[in-house]
Amino acid sequence: MSYNLLKGKRGIIFGALDENSIAWKTAERAHEEGAKFVLTNAPVALRMGTINTLAEKTNSQVIPADATKVEDLENLIEKAQELLGGKIDFVLHSIGMSINVRKGKHYTDQNYDWTHKGLDVSAMSFHKLMQTLYKKDAMNEWGSIVALTYMAAQRVFPDYNDMADNKAYLESVARSFGYFFGKDKKVRVNTISQSPTPTSAGQGVKGFTGFMNYAEKMAPLGNATALECADYTLTLFSDLTKKVTLQNLFHDGGFSNMGVSQDIMEAMEE
Amino acid sequence: MSYNLLKGKRGIIFGALDENSIAWKTAERAHEEGAKFVLTNAPVALRMGTINTLAEKTNSQVIPADATKVEDLENLIEKAQELLGGKIDFVLHSIGMSINVRKGKHYTDQNYDWTHKGLDVSAMSFHKLMQTLYKKDAMNEWGSIVALTYMAAQRVFPDYNDMADNKAYLESVARSFGYFFGKDKKVRVNTISQSPTPTSAGQGVKGFTGFMNYAEKMAPLGNATALECADYTLTLFSDLTKKVTLQNLFHDGGFSNMGVSQDIMEAMEE
Amino acid sequence: MSYNLLKGKRGIIFGALDENSIAWKTAERAHEEGAKFVLTNAPVALRMGTINTLAEKTNSQVIPADATKVEDLENLIEKAQELLGGKIDFVLHSIGMSINVRKGKHYTDQNYDWTHKGLDVSAMSFHKLMQTLYKKDAMNEWGSIVALTYMAAQRVFPDYNDMADNKAYLESVARSFGYFFGKDKKVRVNTISQSPTPTSAGQGVKGFTGFMNYAEKMAPLGNATALECADYTLTLFSDLTKKVTLQNLFHDGGFSNMGVSQDIMEAMEE
Amino acid sequence: MSYNLLKGKRGIIFGALDENSIAWKTAERAHEEGAKFVLTNAPVALRMGTINTLAEKTNSQVIPADATKVEDLENLIEKAQELLGGKIDFVLHSIGMSINVRKGKHYTDQNYDWTHKGLDVSAMSFHKLMQTLYKKDAMNEWGSIVALTYMAAQRVFPDYNDMADNKAYLESVARSFGYFFGKDKKVRVNTISQSPTPTSAGQGVKGFTGFMNYAEKMAPLGNATALECADYTLTLFSDLTKKVTLQNLFHDGGFSNMGVSQDIMEAMEE
């Protein structure tokens, strides 16, 4: 399946850790659709993951960058333009991490140093990325920036912990910066709110499997996979969605607009 | 620009009145992207418009149908499947009409017979269409149904009159029926909430030009055109958005998430 | 518990069928808080219910009115002003009925005559009521109009059937008419989106008890009762909420902003 | 005007700087309605403001606390319970500050140290406050916690700068913590999204007067005043709203659900 939907487009893809990652699938699919791009991740994530396999497969370069460090982002954006031969058409931000989650701190017992650090990595990094792209005038007109998010930004999922608040901040940054990026540079900025997905990050959340099943029973089309999310992301990078901006787009088999499903009611009755 | 995005897909397109129509542009673009489809409109609209020009250009047939009449819809769906050689992959509902608007009745002085009639044409027709497709099992798995709507369903635009309430009903029908269509038939149902667009229908709304200018100044990317809406609609018909359902998707240059823009503030100060 | 919150205010209360009704509880509480009001219901509902008991208890008169008939509403509003001695300060619309639900027609197999009739009773009646109040200039400045609704207007509850679409229409009417009522008459219009409540009407919905339990487990504060809804409604009739208008206000123990609760996850695991 | 709505209730009120403050008005009105409470503010704000006048008028004590410091909050909550003679029934969080705004840094040119500091003061302080109340089990059952917010959390107001993202975070914290506070302690948590208000803080935002006029023309009932916001806040502290939780409640004369008003269209045409 290839439509040449991104033929000739240049991109930067954050967050491809391993083959379960949505960013990994997006890179594979973007490659199939004719895009060229650089891959990037934090140095620590690069050591843990297998990104070189992806780089070879998609004929792309890896540029390490800690997305909380503006100087790393500056270096990344400069090098990406050199390597790709011009300004950037699309960017995927797929970064999230909560130390409170990792260390098992309950939401009502936060360590606030960790809360700040998680926000910096998961959400303020998106502002830093856009501010650096904006200041360097590194995006082509009608370019597209997408960040991945989760519906815990709107509604309570108790185990999602402080990532809920981080995602709310991230989505607000998409709107706030999206206004200036749209008005001044004709660049669109959106977030995709994806089904729970069994990525390495997702599986770290407590009670993840039970929740996957719940979401599967609730959504009329079932949960969206990482590959399906990649496909959807491509439509937002393409020239077919030029006037979609400041939106938070649910990609979740319909979960977000369900009150209750018949399958859930039946499961409850058992 | 063609990606063969809809190669081999079969569709039904309602509401192509003339070349300003979003449905008209969607038909042209769907044709370019490899789809085959039937065009349909109410008999009275067929007489007023120039749909035969479009039919020739896109190598498609016109089947008249009053979308408020179940028997017309039954006939349409049967004939469409015969002509196209199989079940349907995509449907566009682009139908709306308010007699209160046409006759200049203010929202606080409605003629309720007209209100009911407008609802029947603009919103209940969407239920009738889906119920007929559903009962006849006429949609392919992973097919896609889209209706066009407007943000007056969420917020007040005083001149939009009873069409606001009709669109709220339409969007609710998309969710309600979308659940059953998703669960039982793996078909997705969404609405696109489009910028004010200078179609023949749009231009009939009082103060339309002033409002177009307002929206243009508010939206960071400006208003979306009919052609851009067609492109966006195609992504929802494609295989790249299989898990997007029950959504109301704003296609409006960012208008929907603006509180106020700098351009509006400046225009107010003059 | 009485604060004299509605001392001297005059109202009209629709929909008090029996002592389980939210409207019934609202009448009792409004009486305690110092309001005087008329009670009204459709003639058929008056025969079925026990409204005279309520009328005696609250020292109020009953004026029959079919809320789908403008002439009945005109008569009601004239008589109410005569009986109460002046313009109206508050109105409660608590009316809803689906023939498709009553007759067991599935949402995918609607009888459209019934769908139209249900809409007329459940939603267009609210427009008719406000249009009549508006034309007769029957509301005092800073008066308050409230209609009861349900979250099926935003999200799918499969058994709620066409009442979901009716409630979406009702909420849109609240916004649309609320604009003109606010601007021209300084009257506020809001809807309260209440927890599932075991009224006579609620209990008619298929699978109601199972759903009550589900909502109870989801909402962090549990379901809101009819009496609690009455109390909340009083705050909206009072002088303490003068600038709240065009809002749909969830009164549901927090259900509306839940993605999933721990209690639901545990119930699923059993 | 007094209803004894808060008779016997004990509270903590943050953020009463001077007589323009919403918190100031809330304190005055809460006193009239029979509540007793402590006032608190950061030491620096206490020096700038005139809070002792308010303390005398409302017969209350002032306890200094920097809301970003957990130890200050612990001290505040202990002392408040001692002074008031029992657990707390209501808390108002009315705290916000952006150094980027103060120093004139544009949203696309943030100083991230300042961004973090502003978030800490404006939003994470709300988590710290609730975590301290929760751990100390300092709230009575059916108590009520309210934070003030602004609609920039949902939509773009270009001059609101990083306060938009801070308010999005704040509102998310209200939902996330509200779940646990509701489930475990039967305490409700809500945010009030208030009209632009000419407080000392509000007036610091660039272009504030122009924006006030815009909002006044948009809202069908005009902007809500600080005193009206105080009144609305009291309803949320009262026993009449026990099942309202996790909500963001717009108190804005209807602004939030407007697309455009006739007054704005006319002002644009001039």
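In this document, chain identifiers A, B, C and D correspond to the written order of the chains, with residue numbering beginning at 1 in each.
Simple rule for what comes next: a contact is a pair of C-beta atoms (placed from the backbone, for glycine too) under 8 Å apart; a residue touches a chain by one contact, two chains touch by 3 or more.
Just so it is clear, the structure is predicted and the values come from calculations on it, not from any experiment.
Q: Which other chains touch chain C while also touching chain D?
A: Touching chain C as well as chain D, we find A, B.
Q: Averaging each chain's C-alpha atoms to get its centre, pick out the one most distant from chain C.
A: Farthest from chain C by mean C-alpha position: A.
Q: Express in whole angstrom the distance between the two chain centres, defined as the mean CA positions of chain B and chain D.
A: Computed value for the inter-centroid distance: 42 Å.
Q: Between chain B and chain C, what distance separates the C-alpha centroids? Give it in angstrom.
A: Each chain reduced to its C-alpha mean, chain B and chain C end up 32 Å apart.
Q: Where in chain B do residues touch at least two different other chains?
A: Correct list: 155-156, 158, 175, 178-180, 220, 246, 254, 257-258, 261-262.
Q: Show which residues of chain C lie in contact with chain B when the two form their complex.
A: These residues of chain C touch chain B: 70, 107-110, 112, 115-116, 119-120, 124, 127-128, 131, 134-135, 153, 155-156, 158, 162, 164-165, 167-169, 171-173, 175-180, 246.
Q: Which positions of chain D touch chain C when the two form their complex?
A: Against chain C, the touching part of chain D is residues 1, 3-5, 175, 178-183, 186, 188, 195, 219-225, 228, 231-232, 234-235, 238-247, 249-254, 256-258, 261-262.
Q: Once bound in the complex, which stretches of chain D touch chain B?
A: It is residues 151-152, 154-158, 207, 210-211, 213-214, 220, 254, 257-262, 264-265, 267-270 of chain D that touch chain B.
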